[in-house]
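Chain naming follows the written order as A, B, C and D, and within any one chain the residues start at number 1.
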Amino acid sequence: MSKYFKAKTVDNISLNKHFRLLNLSPLSDIDIPQPGQFYMLQTGDTCDPLLKRPFSIFRHEENSLSFLYRIRGKGTLSLSRLKSGDIINAIGPLGNSYPVPDGDFIALAGGIGIASLLPLMRKFKERAYLFYGARSKEELVMMDEAKAVSKESFITTDDGSEGKKGLITDSLMKFFNSLPITHHPLPLYACGPTPMLRELYRIIKSKIQNPKSQIIECYVSMEEYMACGVGVCLGCVVKVRSQEPVDSSQKWIYKRVCKEGPVFDIKDIIWE
Amino acid sequence: MSKYFKAKTVDNISLNKHFRLLNLSPLSDIDIPQPGQFYMLQTGDTCDPLLKRPFSIFRHEENSLSFLYRIRGKGTLSLSRLKSGDIINAIGPLGNSYPVPDGDFIALAGGIGIASLLPLMRKFKERAYLFYGARSKEELVMMDEAKAVSKESFITTDDGSEGKKGLITDSLMKFFNSLPITHHPLPLYACGPTPMLRELYRIIKSKIQNPKSQIIECYVSMEEYMACGVGVCLGCVVKVRSQEPVDSSQKWIYKRVCKEGPVFDIKDIIWE
Amino acid sequence: MGITPNSELRIPNLSVDIAGLKLKNPVMTASGTFGYGEEYSEFLDLNRLGAIVVKGLSITPRQGNPTPRIVETPAGMLNAIGLQNIGVNVFIRDKLPFLRQFDIPVIVNFFGDSIDEYIHAAEMLSNAEGVHALEMNISCPNKQAGWIVFGTDPKTMEQVVTAVRKATRLPLIVKLSPNVTDIGLMAKIAENAGADAVSLINTITGMVVDVKKQRPVLANNTGGLSGPAVRPIAVRMVWEVYKVVKIPIIGMGGIINANDALEFLIAGARAVAVGTANFINPNVTIEIIEGLEKFLIDEGFSDINEIIGSLKIS
Amino acid sequence: MGITPNSELRIPNLSVDIAGLKLKNPVMTASGTFGYGEEYSEFLDLNRLGAIVVKGLSITPRQGNPTPRIVETPAGMLNAIGLQNIGVNVFIRDKLPFLRQFDIPVIVNFFGDSIDEYIHAAEMLSNAEGVHALEMNISCPNKQAGWIVFGTDPKTMEQVVTAVRKATRLPLIVKLSPNVTDIGLMAKIAENAGADAVSLINTITGMVVDVKKQRPVLANNTGGLSGPAVRPIAVRMVWEVYKVVKIPIIGMGGIINANDALEFLIAGARAVAVGTANFINPNVTIEIIEGLEKFLIDEGFSDINEIIGSLKIS
């Protein structure tokens, strides 16, 4: 059993102009991925694109791995060219995973961030309060499944073409405010664009600073450019608060998103 | 009407492990190619492979261009991945073409060389004495069509799996020897690997040096690495005898295969 | 940043000045990749180019190297054409009349084996009608100095640039070799020796080995690397040169689209030249010009000069 | 050519000697691309490697540069990790015990901001059990000499190599910077200053610009280019060095398969190191070792040493 394996493309389904669902069938025994973990996928077969690209596991079934992705640049474009039968190399599962929630929880997804959160929501069916925001209706991929496995769902789009018009963090804020102070705090899992995570941190920080509110556990899946995905290149680091800093003048150290992450406690990250 | 145009892949048919037939439908009006001319075809859509690759026109019909190719390295491998609907850029028709034969003629094809000669044989139906050699039966692609349009055909393979076992130039030699000295000399058109062309030159030279034999017109299609295909990079040159050499100590100049060629009089080439 | 109320309606200014030449736009062709303009005139309207730079010329014609002369490498190519060219006289007689038809600056790239050859070629070209500027290719070895490459030895370069400067009143562009430790220093020497502009980068020396034959693939053993593979190196060098010279820079090396051209302009190039990409897409220069215009409109700039050297560094 | 009657039955010799070390085969890992061996030990049997070269160390730990630290380029990548590392002491305490389990040479890459730091690091590492050789990374700036890069200035390089040579009895490999005019000269200086081997190439400085932000993509502005894009340059440099030095050469730069490794060996490298390719294929070193063996068998060689430096030039 190796984390480096070949896989055959079963299909590579176009969901709309930007989003695809890639189904792979590994050609050897593989480890079972946990929600939040990711794989480095080969996207082409020449030296351009050169590096593998990281993608969260979206679904794992017996002898099948699925990835939900958005076409962004040349790597994902190249990935979108894969057709049934094509064989690619993959490395994974990699990184840590979302801590198991005790009871109900909040899942905050911005756009393609849903890819990383759905496995958690699927595993703990009907326990998630889903907050899912995207630019438009078209970009709210997998919404039906996401709603189906959630306890309750809150949807926003930037243009109002589906759900509420506005930012998903605003909906989250309202939700917090509507909860009775005595409500058992729900752990929160978030994945999405950095501005969303930054805003989330602002919200969480204000709650922490409010002596009346209970402290929320909050885990975020971080993104950084990756070269190796396995912890050797040191390309993917984020600043994390630390008691044992490298440099005594600074209270932080670099941690690798691919190894110590991608899931971090939001309070540990230094948001600049 | 531009020699630089986009074309849609109609299909890309696998003839066997090594050979493919690519059918393109140009998306704009194009010039009519002549037998012996070639196109520079885009083979991928990233920076690796970077340069276009040269391929002889194999068939031209209204709004359709076909290319017969052999998978050799990364460019042709990449070309073999094109699927129906994929759009590529192409430049052509480029280079000169085979001079029009007066009457009957000889077509000497080594392997994939058939791609360049078939259009000539097709255009002047049943006027060609075809000499077609390849490594094995499998590599004698398009043999049925080639035979069908020929007056007479002579086939050899290195392994004897089809036709005579041996070199095609030996068959040609025998044919020459069997012709009555008074036979009107047949113009000869050749395309194939350099060793075959070199051997052909040896044969032709011995005929020229034999005062009893009549001089044969002999045209060869030359291959060289190409970058531009249009005459600007000077990458594809061959040494050609010249009355006006650049350097007075040498009786040759470099000519561009892509511009003054690919078809040359065999006697003009300096075979080293 | 130049956003005016009706900026969407305005066509931004693309023209730039290089060494006293006024270019319609900053996009030129790179020497050796565009012949003498004829071949590509079938594919595009030369009048739309910023300038045309022709294949390098020497006082007498050259045969160049044996073949193979080119080989593809990952995202690049090596060439060892060996400076094959028709010579200055034949160029003036047979090629210049064609180029004179167009309303764009013609920049003539030239070289020599010795300082005398450089001087001689510069003089001959300076007297020809229709040559608007000279580009000295100094990436060739100096016969007299035991085949030291002019462009990699500061002293030798200073001598040859000083000598050519005296031999011509045309705008003089010195084309720098990237095969050096400190390209900023080389540019500074060229500037002090009287260059009106520098262009960079020429190709980087490389080799590909045919492992079965245990020989270099190129008949010349080594060749010059060009194409997208070298672009990050070229952009860095333009930026290094921009920091130390005042004369304009013509940037090149691996440009295949408008985004690439913008990298060079922002890093400090006042114009760019497109080389290898012409082979892939004969229309690429025109597409880049259109792409630059679109970028300026989209980003709200009214003049290309606003972005030249605008790189914000950390 | 070593064809013996039953050559098909014989397994050819792959082992080579570098600076007194005996390597099972000529395939090593390149510093900074293989961590301290632990991460990749999940993917391959480290005992099969020719040698392992660990991430560059300094006497004190370093945080390295802010992010983005990497960006992909055509057929290559730029990195500006900024030499983040755990420091010599933590390495000796926490990482060496793991590496000592394996029966392969451990080569420790190290660097400093000053000659003193180099000396100090070399001394500390020389006393540690399980360090078999040192590789000096001289592609870093010298604080004392106003941040001139050690490896691009002949004088500075000579001083630091001479100093380190006195500080250690371990085999000493000097890793050369490709950002120089004459890499042969730099290699010669390293040899004269006491190096037992040279390794090349380190990364080539490059830059990518984000044109919308008008900023370099990397937080450090520039980074080092590696990967297949640089391979033709690296092979040429190995060949240039091979012509002028007697000490062994470790070749690297863009190797992704056995064919690439053979290019370097034939051009004169006695061993090769694989860097960026590990990221793409964690098993690539093993596949290269197998590919080398296959090549020797197919081509009728009985010993890899027969092909080292066997390049026939025209």
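The working rule: a residue touches a chain if its C-beta (ideal position, glycine included) is under 8 Å from a C-beta of that chain, and two chains touch if they have at least 3 such contacts.
Note that the coordinates shown come from a computational prediction; the quantities given were computed from them, not determined experimentally.
Chains making contact with subunit A as well as with subunit D: B, C. Relative to the C-alpha centre of subunit D, the farthest chain centre belongs to B. Taking each chain's centre as the mean of its C-alpha atoms, subunit B lies 36 Å from subunit C.
One simple way to say how far apart two chains are is to compare their mean CA positions; for subunit A and subunit B this gives 55 Å.
Separating the CA-averaged centres of subunit B and subunit D is a span of 46 Å.
The set of subunit D residues that touch two or more partner chains comprises 74-76, 227-229. Residue positions of subunit B with contacts to 2 or more other chains are 46-49.
Taken as a contact graph, with one node per protein chain and an edge wherever two chains touch, the assembly is complete, since every chain touches every other chain.
Subunit A contributes residues 2-4, 42, 47-52, 75, 89, 91, 224-238, 246-247, 250, 253-254, 259 to its touches with subunit D in the complex.
Per the touch definition, subunit D reaches subunit A in the complex via residues 32-35, 39-40, 42-43, 55, 61-64, 67-72, 74-77, 79, 81, 84, 227-229, 256, 276, 278-283. Residue ranges on subunit A touching subunit C, taken from their complex, read 46-48. Residues 44, 46-49, 74, 78, 83 of subunit A touch subunit B in their complex. Subunit C meets subunit D in the complex at residues 73-76, 78, 152, 179-182, 204-209, 211-216, 219-222, 225, 227-233, 235-236, 239, 254, 259, 262-263, 266-267, 295, 299, 307, 310-314.
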